[in-house]
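One chain, chain A, appears in both complexes that follow, with chain B as partner in the first and chain C in the second.
Up next, the complex of A and B:
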């Protein structure tokens, strides 16, 4: 990726920090670069709190894990601030001027109050000169140099299906679902604990580890159990956990949410609904350009199953699903491209604009 | 400010093919190369008035050419379409329906992005809303 210069370049070095804030992971780096410099789990270990007597309470002795972003929504601003600061500290380079502009990725249709919170955090607390808030699926499309297609961004907490035609987001067709990686993890944790005759109780972190290592999407919706599918996982504490049918049964909820007690259609159905909501004239082109993004789309077999199910739903159209190898980084890479464009400064809110116009500036810049 | 001044504002923002009409299709101002029949304008204005999502199935016809509808937002009175015929397939057309008027703009050549046409037409639509046009 070549770095073009814009008003935020400094001696040929990009000076725009790009941070992709996902529910599962937070990635930071510099615009114009191919990959993020740091990637951290989006969890913050809050320090033990003192009680009124200045002593630690019993429950406060251990650092408490805080998930600042859940399902794409900010739940803990203090945790997010600490995490964001940590990411920026890790990516900072000596030759960059301080402070620098920031490009943050956000989900589609995030609340205005959250955008305002980010502006206050970045422009006032971090003292950045400017801020750009860009939507993750749109960035994902930028990241693969496309202007049309349907982005299926299936991350840790949120799945977003966004049809984009010639750069225009077809807003009424956008689907935002609470069906993503964390639901598979929870289902796996539940399935292991309910297993008979040998129930296993694992932490959410261990369940996530097992999911990422061993789970896959089967090409049949009701595959037969097969002992050869079993795998053994050794935890950091040395315990050995055997996973069998859970390997494919748990990710199956992405296509059949009712198996996990969740409502709504699966990925293929939702994708079909999104495309069917678009104009007849563009549906064919959208079916032909479905782009996968987000960490959960790395689950083996997910693309083939999607093609299979979607082809059955739209038999008269050619379905093509594009799954690039680094699709979990698509949003960050799109931010990297956007941040290095000469037009990038036009997309930013400057500190001065925010001080003068407050919330109204969002209406002007991002509507 | 005359209708021609509003039209010139669109042209200044690189929307070189544009027209401003009343909802019955009568021309209020139009760039020299832009032609659109009163029936075509009235059909679109009436569809918005009836909240008829016609465009999604059949597309629209403007200036005798066929256009594929990409976005049809009844609430904000916005229609964005892409050319379907060989001579307009690289063009983007943006139509904004206001309380008394219809604004139509398109890019003369590919070098002007459709998003720029949208911004220019929507800005004028916002002004027309304030003015009650």
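Up next, the complex of A and C:
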């Protein structure tokens, strides 16, 4: 990736930090680079808190795991601040000027109050000179050098289906669903604990590990049970867990949410609805350019199943789903591209603008 | 509005009759075309620009945004350096059309149109 210089480049060194804040992972690096320099789980282990008498309460003895972002929404600003600071400390390079502008990725239709919270955090607390808030699916499209298509961004907590025509989001067709990787993990945890005759109780972390290693999307919606599918997983504590039909049954909720007690249509149906909500003239073009992004789209078989189901829903259109190898990093890479453009400073809110105009500046810059 | 990045601005009544427009009328808009869009803004349930798109002059557009005040249209086809982004805002007595060239300036059309629509509605015009 080549780095063109912009107002935020110093001696050929990019000085824009790019942070992709997902529900599952947070990735940080520098604009113009090919990959993030650090990637951390989006979980913060809060230190035990003292009570008013200066003593630790019983429940405060252990560090508490805090998930600062859930389903794309900020739940804990203190945790997020600490995590963001940690990421920035890790990516910092000695030659970059301090402080530097920040590009943060945000989901579609995030609340204005949250955007405001980020502006206060970055521009006031972190003292950054400017901030750009960019939408993850748009960044994902930038990351693969495209300007039109449908982005299916299926991450840990959120799935976003976003039709984009020549760089413009077709807003009324956007789908934002609470059906993503964490639902598969929870379903796997539940399925293992309900299994007869040998129920297994695993932590959410172990369930996630098993999911990432062994789960796949079957090409049939109701495959026959097959013993050869079983795999054994050894946990860090040495326990051996055997997973069988759960390997395909649990990811199946992405296509049949009702199997997991969830409402709404599956990925293919939602994708079809999103495309059908767009103008007739561009539907064919959009069916032909479906781009996968987000970690959950790395599940083996998901792409083929999507093509199969969508082709059945739109039999007269050619369906093409593009699944690039590094698609879980697409949003970050798009941020890296955007942050190195000569026009990037125009997309930023400066500290001065924020101080002078407050919330109104969001309307101007990020509409 | 031209000073705010729009390359074409036009004011019309709700029947599509022209009140005023830029000296460089790059869009030869007909009254029927304006009426179609204005009706769509007023009654998005019966006229859905989101599915059908719209025509302005000889250019075809798709709808990328629509609410009860404004519709934002992006040109389909045509040369890359001649493409337009058009926003139409409906106030009580008429509508304002703002067009901006594609690229960096294209969001100017929506910002300007929304601003003037909001102002004109605020004074009950």
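Convention: the second predicted complex is superposed on the first by the 367 of 367 C-alpha atoms of A that agree within 3 Å, B and C clash if a C-alpha of one lies under 4 Å from a C-alpha of the other, contacts with A are read in each partner's own complex, and residues count from 1 in each chain.
Here, a residue touches a chain if its C-beta (ideal position, glycine included) is under 8 Å from a C-beta of that chain, and two chains touch if they have at least 3 such contacts.
As the structure is a computational prediction, the values presented were derived from the model and not from experiment.
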- Message: Looking at the superposed three-chain arrangement on chain A, would you call chain B and chain C a clash or a fit?
- Response: clash
- Which partner reaches more residues of chain A (counting touched residues only), chain B or chain C: C
- For A:364, select first, second, both or neither according to whether it touches chain B, chain C, the two together, or no partner. second
- Query: Where does A:279 make contact in the superposed view: on chain B (first), on chain C (second), on both, or on neither?
  - Reply: both
- Task: Return first, second, both or neither, reflecting whether A:316 touches chain B, chain C, both chains, or no partner chain.
- Result: neither
- Message: So in the superposed three-chain picture, is A:346 touching just chain B, just chain C, both, or none of them (first/second/both/neither)?
- Response: second
- Message: I'd like to know which partner A:166 touches here: chain B for first, chain C for second, both or neither.
- Response: both
- Name the residues of chain A shared by its contacts with chain B and its contacts with chain C. 165-166, 168, 170-172, 278-282
- Item | In the complex with chain A, residue positions of chain B that touch it | 55-59, 68-73, 80, 82, 84, 92, 113-115, 118
- If you look only at chain C, which of its residues touch chain A in the complex? 50-53, 60, 62-66, 74, 76, 83, 85, 102, 104, 106-107, 110-111
- Residues of chain A that touch chain B when the two form their complex: 165-168, 170-172, 278-282
- Would you mind writing out the residues of chain A in touch with chain C in their complex? 165-166, 168-173, 277-282, 343, 346, 364, 367
